[in-house]
Structure formats: structure tokens, C-alpha cells
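Alright, structures below, take your time with them.
You will see two complexes here that share chain A, one where it goes with chain B and one where it goes with chain C.
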Partner chain A sequence: MKLILSSCFLQMQLSFSRSMFRYCLLVDPIFFALITYMIYKDSSVENFIAYVILGTGLSSLFNNIVFSSAGDIDRERYMGTLEMIFTAPGGFRNIILGKIIGNTLLGLLSMLVVVVFLNIFFGVNMKIASPMFFVMAMLLSVVSFIAISLIMAAIFTLSRNSRGLMNCISYPVMILCGFYFPITILPEWSRVFSYILSPTWAVKLLREAVYGIKDYSSFYMESGILLALSAAYIVLFIILAGVMEKRVRVKATLGVY
Partner chain B sequence: MENAIYVKDLVREYDVAKSREKGGKSVLQALKGISFEVNKGEIFGLLGPNGAGKTTTIKILTTMLTSTSGEARVLGYDVNRHEKELRNHINFIFGGERGLYWRLSARDNLMYFSDLYRLDRKTRTKRVPELLEMVGLADRADEKVERYSKGMKQRLQIARGLINDPKVVFLDEPTLGLDPIGARELKGIIKELKSLDKTILLTTHYMLEADELCDRIAIIDKGEIKALDTPDKLKKLNANMSVIEVTTIGISGQAIEELKLVNGVQLVNVQDMDQQQQLQIHCESPSMVVQGVLGVLSQFKVIDMCIREATLEDAYVKLVEGKE
Partner chain C sequence: MTEAIGRFIRQSIFSYKALFGWISPKAYITSKIVGPIFQLLFFCLLTRYSYGSENIARWVVGNSLVFCYLNAFFGIGTIMTNERAAGTLKLVVAAPYSKFLTFLGRSLMHVLDGIFNVALSLFTGIILFRIDLSGINMTLFAFNILAAVISASGLGLTIGSLGLVVKDTNLMLNTASTALLALTGANFPIEKLPLLLQKLAYCLPLTRSIQAAGLLLQGANASRALELMLLEIALGTAYTLLGYFLLQLMEGLSRKKAALDLF
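Now for the complex of A and B:
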């Protein structure tokens, strides 16, 4: 537990000391928000709030949690510290979890930046109809993003060339999960993927919480689905981590020499 | 008494992707069935040229890699199967500057690694300053590691490797890239570790370092152990051997082949130094051989020549390069 915490703090400290990271965390989302704002400006107010704030905020958060966590594994590999944290008695899984939580907190900061920026420069306010449910949906979303991130980190530990993969899946996820537009406009066949990706449900719940929940039973049901998917991801991670911890010692991918 | 390290017929293979045309994968045998034992409290050296399999051996023993076949135990734990139990009792130090968080201070690095090894607060607050003191970094402990010199980073690695007070310490080329003074300081620290009753396995390709530090040395080349003994006994492998050292300019390959054929010559080792070459001619009775050697060398310019007793280095050269 202590190790998770200290890995979390270390991660925040390390990440924040990289100037590129600060850019991605604080500046990039602002540009992103700006573009989205311009695109949606003349559409109805309803869309505006949901898609600009939730869309950019969530994708900053998502990218931060999932992609920087995965990239950090690679960074540790090149620093030569991956072998050390891998063999640490404290447990590699705890360290990964700590790192991901660290990135999550930073990601939330990034989301906050978007909200504050839009508020100050465009006077856009996010009116949340059901704040309680919004917080709950947010918590569930974060948990599910962390679960995805764990899986990614396990894959990245095992393979040395997964960096490419990481860059390839960012946009498909944003599209499939309806970060910027409802998935109902996507082709029928692609919705299968949407439904097994937990961010789809996260986005849906958050949007409902912002507009006001019309049908509570379906809100609970969707929360349940999100929770179940997250749990399934965590189980998958545990299985994967077990396999990874064995394979990595056979394949010798922890180091770069 | 139980050995600290027990290695029997250890084999490690790596899959290496071949070039496209040749197609498919091939297997590289980095360790071809090595066996050795290290006693508790001993400093044991693995000495060998690049690619010999030293790092591979250490990575297997420190549970970063698994072996392909054979047996390896550290402190009685099977390294392939009981890695979780073992990891608390060992640590490793790799030469070079990697393996540290450069953006953190030395103290923060050690603090974090003490969490990785689950030290309690009391042990940690005591041990971290002690270690910083021991490796001479106490007064610069709060500077970021990226501003440290190589030697300082290396010493921080040592402190890191001792954070869990390990019983067995593995050191992979600990003096890599250090100047003579830095290397001497480091050797001092290693000797200090021995006095703390730790078992040490270190790798190096400097004979002198191995000679100075190790109780026993295994000479390893191309995944095989060529010799294993105390430095003194290894030197005695060459007991009645002498070396004629000749420095020449522009000697031809053909002349070297001729030298090898001179009666009594056992081995000729050539080292290029700018335009000069240094030949080391191994033989038993130099007085008998020198005549023939001079005959071959008569067409070349000889700058310097001397006859000396064989050293550990010569034994090493002979073992690694002699039998081809």
C-alpha cells in the first residue's frame, strides 16, 4: 500500500519534470478544447457543453492515464530501471498501479485545465444537473480507465515494440467510444466494439449526469455494465500479468541490451 | 556449509531474428552449460571477453531471466521457481549510469528504492544516510542525479544495491567507465562489503581487478567456463611459462604465422597500438626460442623487447584465445 503511494508520488514527480509532459498535460488540451469549441460553437447549447467539455476533458484524461502509463514502461526500460522495479520484492503490479494512479491524478488536473480555460475565455459554464451522480460516474470512469491502463502496461512490459500500437489506438478509441459524437451515428457493426469498451459507458453516464437523468433504472444499469466491464478488465489484467511475469524472463525484453 | 550460489549445467538460449532473406528465427546459445559454486562470504569473479555470457549469468541469478535448462540456486532458492522469496535477500549493481532516476536526487532515489524493498520507516531513516555516507555522497545527496559525474552515479548504484542489506550482491562490471581513482575507490567499497560478510559475484574483463578482488575466478568465454580457481592457482597454470614481449612496427600477418611455427612457441597474441604492434609470445624456455623469433623478425623494425614471467593476464589470454 505504501509502495503504491510512493510509486504514485514518484510518478507524478518524474512526469512533471519532463517539459514535453507538461506541454501534453496543460497546453495540448487547451488547443484541443479550442478546436472543438470552434467546431461546435454554432450548434445547440446542449451539444456544446457535452461535447466540448466532456469530450476534450475526457480525452485528455483518458490519454493521460492510458497512454502515458504505457509510455512510462518504455521510458523505464530505457533508463534501465524496469529490471529493478520488476524484481523488486514490493511487487511489480503494485508499482504499475501506483504509477497509473499518479498519472490519473495528473490527468484530472488536465481535465480541470480544460474546464477552467473554457470558463475564463469563453464564459462557458458546465451546468451539471445531477452533481452527485456526476461524481459517481466520474469515479467509475476513472476506475475503468485505470483498469484499461493496467492491461496496456502489462502488454508493454512484455513487448518492446508496442509503442507503435499505442499511437495507433488513441483515435479509434475516441471515435468508437463516442467522446465527441454519439456512437449511434457509427455503423452498426462497429457498435459491438463500442459496447465492450468501457469508456463508451463512461461517456454515456457522464453525459446523462450533466443533462439530468431521465431514466434512473437505465442509469443504474449502465453503471453496472461499466463496473462489470472494469472488473472484467481487472481480471484480464491479473491473468495477463501472471503470463507476462513469466514470459518476460524467457523473452528477455526488460532491458535494451 | 550450504553454498551461497550453486549453478549446474546452466544453459540459456536467446531467440534472435535473422535477416529476412535467410528467413525465420535462430537460436543463440549464450550459456552452454556452465557449472560453478560460490561459498558464503566469498568474492567470486566471472572474467571474460565481450559476449562471453557474464551478464546473462547474472540476470539469471538475479531472477530477471529464466534459464533454458540446468539448475541455479541462490541461498538455496531455485532462481526459476522461488524468485519471490529470493528477491528479498539479494541485490545487483550494474555498471554504467543507467538504473537510476536521473531526475531525482540521490536521497530520493534511495528513499524510493527502500519502498520497493519494503523497508519500514525506522530502518529507512537509518540506512539511507548511512549508505550515502559509505559511498561518499552525503554532502551532495540532495542534488539531482543528472548532474552527477559517472563515478558518483556509480557509487549511488552501489548504495542502491545495498538498500535491502542483501546477503548476496551481484556486480556487473562495476568499474565500467571509471577513471583509475574512481575505480580504486570502488574496489575499496567492494572490499568493505566483504568485511560485512556479504557474498559477492562480480564480472569484469579487467584481469587486475579480478586478481586484486576475487577469492576465486571463473574464466568464461563463448558461454563456457574455461578455468576456475584462485588467482594464484590460475597464475600457476602458467607457472613455468614466460612471455617474450616484442614491440614492432608494421609486422605482416605472414610473419606472425611464421612466429607461431617457431619451435617452442605456444601462442602468439597480437595487440595493435596505433602503427605499432605488441606481440606476446608464450613459451616455456625463452632462451631457446628467442633465436628463432629474432630470425623471423629480422625484416621488421623492433622497438622494444623483453622477457618476463607469465601473469594472470597471460593465463587469461591463453585460455580465451589460445585454443581455437
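Now for the complex of A and C:
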């Protein structure tokens, strides 16, 4: 636990010192909030503020964890330290988990930045009808995002092409998970992918909590699905981590840039 | 003369392949084809949902034009930082050759690749959203793409020249590219923006090209569209000259501060 916390705090300091992380955390959400607010401003879509704030907040959180999961592995590899943390007695998985928790906690700041920006410049507020359920949904979402990040970290450790993947993964997730618009506008066949991606359920729960929960049994069921998907991701990570640890030792490609 | 032009083109091709990292086609496909297609898809779906209109030609064209930032900013804008990373920046600076011509030579392939990128995005948008461009003046439209790429490249050159003294230009390049998405009218009319941001929008590349494309799509006022394109090129030229001036200034500063190879 101490190792995870140390890794988490160190990661938060390291991440915040990088200009790109600050861009992802502060600049990018503001521009995205501006774009989506302006697009929705005169539209006939009701309650669009939830789309703007939750969409921008969640997509920034997703970008932060993706860019840091991938980027941090890449950076460790580039600096020649990946082998060291991989063989550290504390365990590679614990170190990575600490890093991801650190980045995720910092990433939550994006949502706050968006709320403050829209309030100051456009006088917009997001009223949360069910605040307790919103907090619950947010906690579940954070756990789920950490689980996704773990899988990505394992994939990125295996693959040296992480940068390319990292650059093109955000928009498909934003589309499929319905961060900025409902997934019902997507073709029916594509919704299969939406349903197996946990952010779809995370954004759905958060939106319901903002609008006010009308059907509690449905809310609990969706929370259960989100938890089940997160658990499935963690199991997948454990399997992948096993494969990864074996493969990088056999192939000796961990530090090959 | 012919030899000099040949050298200019050769250098452009070599630096494009080496510095832009396109030695691997996988990197090109993910960053320049798959990524932009999903970005286009995202903004077009969002605008279609929000504006409730099936005719989203304007947003398809606007978002396609924006893609020239990939080459203009992350190609031309990163030349200096990539040279530094490769350890060759001091050789470029010390070489008895115009730095500006070196820069221009390295931009040539990016301009061509940028045009390809915009065309590919447009083609994808036309197919996916069944956009009808049959009534559009294609010659002017092609000229508009060229104007947009030249203009964005000018800003890329300006930011890139800062790479001689600034260690990390990524923040500037990313901010500039997102600003193009937000402020040039690619996704919503710039009249919706606060006045100050509207003024800023007209200082940015692509704003006029996107307006010109809108006029061409409406089939109205080709002369006004042409005027906007020429203004776009003028803005690009102004940015290029500013880039040249900054390059001279930064070269002097980097020599003075011995900051050339500092990470």
C-alpha cells in the first residue's frame, strides 16, 4: 500500500511538471468545453450542459489516463528505466497502479476546470438533481477508468507502437461511449462495442444523476453492469500482465526503443 | 540552378521521412489516416446531432480543412525540436547555408502531405455522410485547400522557429491546433464567439479558408471567396515572414545562451 501511495504521489508531481500533461489537464478541456458549448448553445437539445461538462470532463480524464499510461511506459523505456521498475522488488504492477491512480486523480481536475470556465465566461451552471448518486456514479467511474488504464498499460508495455495507438484511440471512445451525444444516434451494429466499454455506462449513470433519477432499479442495474465490466477489465489485466511479464523476459524487448 | 533545386527537393524528402518518423507506415496510418477519420466522424456526428440537420457539408469541409494542422504544426513546427532530439541541430545551425531555405525545403513535403490529408478527409466525409459537392467550383475549391495549407504552414514555421530556444514546443503546437478546431469556424459560426475571440479568429490561419469554402458550398459569390483565399495566403505569407524574423532572432539567442542542445 505504501509503495502504491508513493508511486501515486511521485507520479502526480512528475506528471504535473510536464507541459503536455498540463495541456491535457487545463488547456484541452477548456477548448473542448468552448467548442461543445458553442455547438450546443442554440440547439434544440435539452439539458445540453450535462453533455458539455460531463463529456469534456470524462473525455479529458480518459485522455489523461491513456496518454499517461502509454506515455509513461514510453518515457520509462526511452530513459532506460523501464527494466528497473519492471524488476523492482515492490512489483511492477503496484508501481503502475500507483502511477495510474495518480494520473486519474489529477485528471479529475479537468472537470472542475470546465465547470469553473463555463461559469466564469458564460455564466453556466450544472445543477445536479441527485448529488449523492452523482458521487456514487463518479466513484464507480473512477474505478472503471483505472481498470481500463491498467489494461492499456499492459498493452503498451508489450507494444512499442503505443504512441500511434495512443494518438488515435480517443475519438473512437468519445463516439462509441456517447460522451457528447447519445449513442442512439449511432448505427445499431456499433452499439455492441458501446455496451462492452465501461465509460458508456459511466457517462449514462452520471447523466442520470444530473437529470434526477427516475427509475432507481434501472440505475442500480446500470451500476452493477459498470462494476461487472470493471471487474472483467481487472481480470483481463491480470491475464495480460502474466502474458506480458513472460513475453518481455523471453523476447528481451523491454528496453528496446 | 537545376542542381540546387534537385538538392532542395532531395533534402525535403529525406527530412520528411527521417524527422517526421514516417519510416514506418504503421505510424503514418494510425496518426494521419485513422486518427483524423475518427476526429472528422466525431465532429460531424456532434454537429449533426446538435444542429439537427442532415446537410452537414459545411462541417465536413471545415473539419477536413483543419487537418492541415497535422503537417503544418506537427511536421513543420517540430523540425527544430526533432533536429535537437536527433543531435543534428548544431550541424544545421552551423552549416553555411540559409536556415530559412533549410526550413522551407523541409516544409515542401509537408505542404503536399497536408493537401493529401485534407483531400482524404474530404473524401471520407463525402462517402460517410453522402455529401454532394457536384455543384461546387472545383478549381477554386482546390485553390482554397492550397491556401489553407500554406497559411497553416506559415504559423507552423513561426512556432517551429521558437524550437531553437524553447525546449518543449509541444504545448504551443497542441494549443495552436486545438485553437484551430475551436476558433476558425470549423464547427460553429465564429459570430457566436465573444468579440475578442472573433478578432483572434481572424488572426488565425484557416478562418478565411473555411468561410470561402462555405461560400463555395452555397454556390454564391465566387469573387468574394477568391478574395478570402488570397487574404488567407497573405496571412500565411505574413506568418512565414514572422517565422523568418524569429528564426534569425532565435538563432542569435540560442548561440548566445548556448541553448541549442539543451533538453
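Everything below uses one rule, namely that the second predicted complex is superposed on the first by the 252 of 257 C-alpha atoms of A that agree within 3 Å, B and C clash if a C-alpha of one lies under 4 Å from a C-alpha of the other, contacts with A are read in each partner's own complex, and residues count from 1 in each chain.
As a convention for this text, a contact is a pair of C-beta atoms (placed from the backbone, for glycine too) under 8 Å apart; a residue touches a chain by one contact, two chains touch by 3 or more.
Note that the structure is a prediction, hence the values are computed from the model and not measured.
Asker: Clash or fit: chain B against chain C, after overlaying the two structures on chain A?
Answerer: They fit: once the shared chain is superposed, the two partners occupy separate space.
Asker: Could you tell me if A:T87 is touching chain B, chain C, both of them or neither one (first, second, both, neither)?
Answerer: first
Asker: When the two structures are overlaid on chain A, which partner does A:N125 contact: first (chain B), second (chain C), both, or neither?
Answerer: Neither partner.
Asker: Consider the C-alpha centres of chain B and chain C from the C-alpha centre of chain A, and write down the angle between them to the nearest 10 degrees.
Answerer: 80
Asker: Output check: A:S190 vs chain B and chain C. Expected answer is one of first, second, both, neither. What do you get?
Answerer: neither
Asker: Is A:L34 contacted by the first partner chain B, the second partner chain C, both or neither?
Answerer: After superposition on chain A, A:L34 lies in contact with chain C alone.
Asker: Can A:L14 be said to touch chain B (first), chain C (second), both, or neither?
Answerer: The first partner, chain B, only.
Asker: Enter the shortest inter-chain Cα distance between chain B and chain C once the structures share a common frame, rounded to whole Å.
Answerer: Least C-alpha distance after superposition: 9 Å.
Asker: For the complex, give me every residue of chain C touching chain A.
Answerer: 26-27, 29-31, 34-35, 38-39, 41-42, 45-52, 168, 170-171, 174-175, 178-179, 181-182, 187-188, 192-194
Asker: Using the touch rule from the top, collect the residues of chain A that touch chain C in their complex.
Answerer: It comes out as residues 19-20, 22-23, 27-28, 31-32, 34-36, 38-45, 48, 121, 161, 163-165, 167-168, 171-172, 174-175, 180-182, 185-186.
Asker: Along chain A, where are the residues that touch chain B in the complex?
Answerer: 2-3, 6-7, 10, 13-14, 17-18, 79-81, 83-90, 95, 246, 249-252, 254-255, 257
Asker: Mind listing the chain B positions that touch chain A in their complex?
Answerer: Against chain A, chain B makes touches at 14-15, 55, 59, 62-66, 83-84, 87-88, 94, 96, 98-104, 108, 111-113, 115-118, 164.
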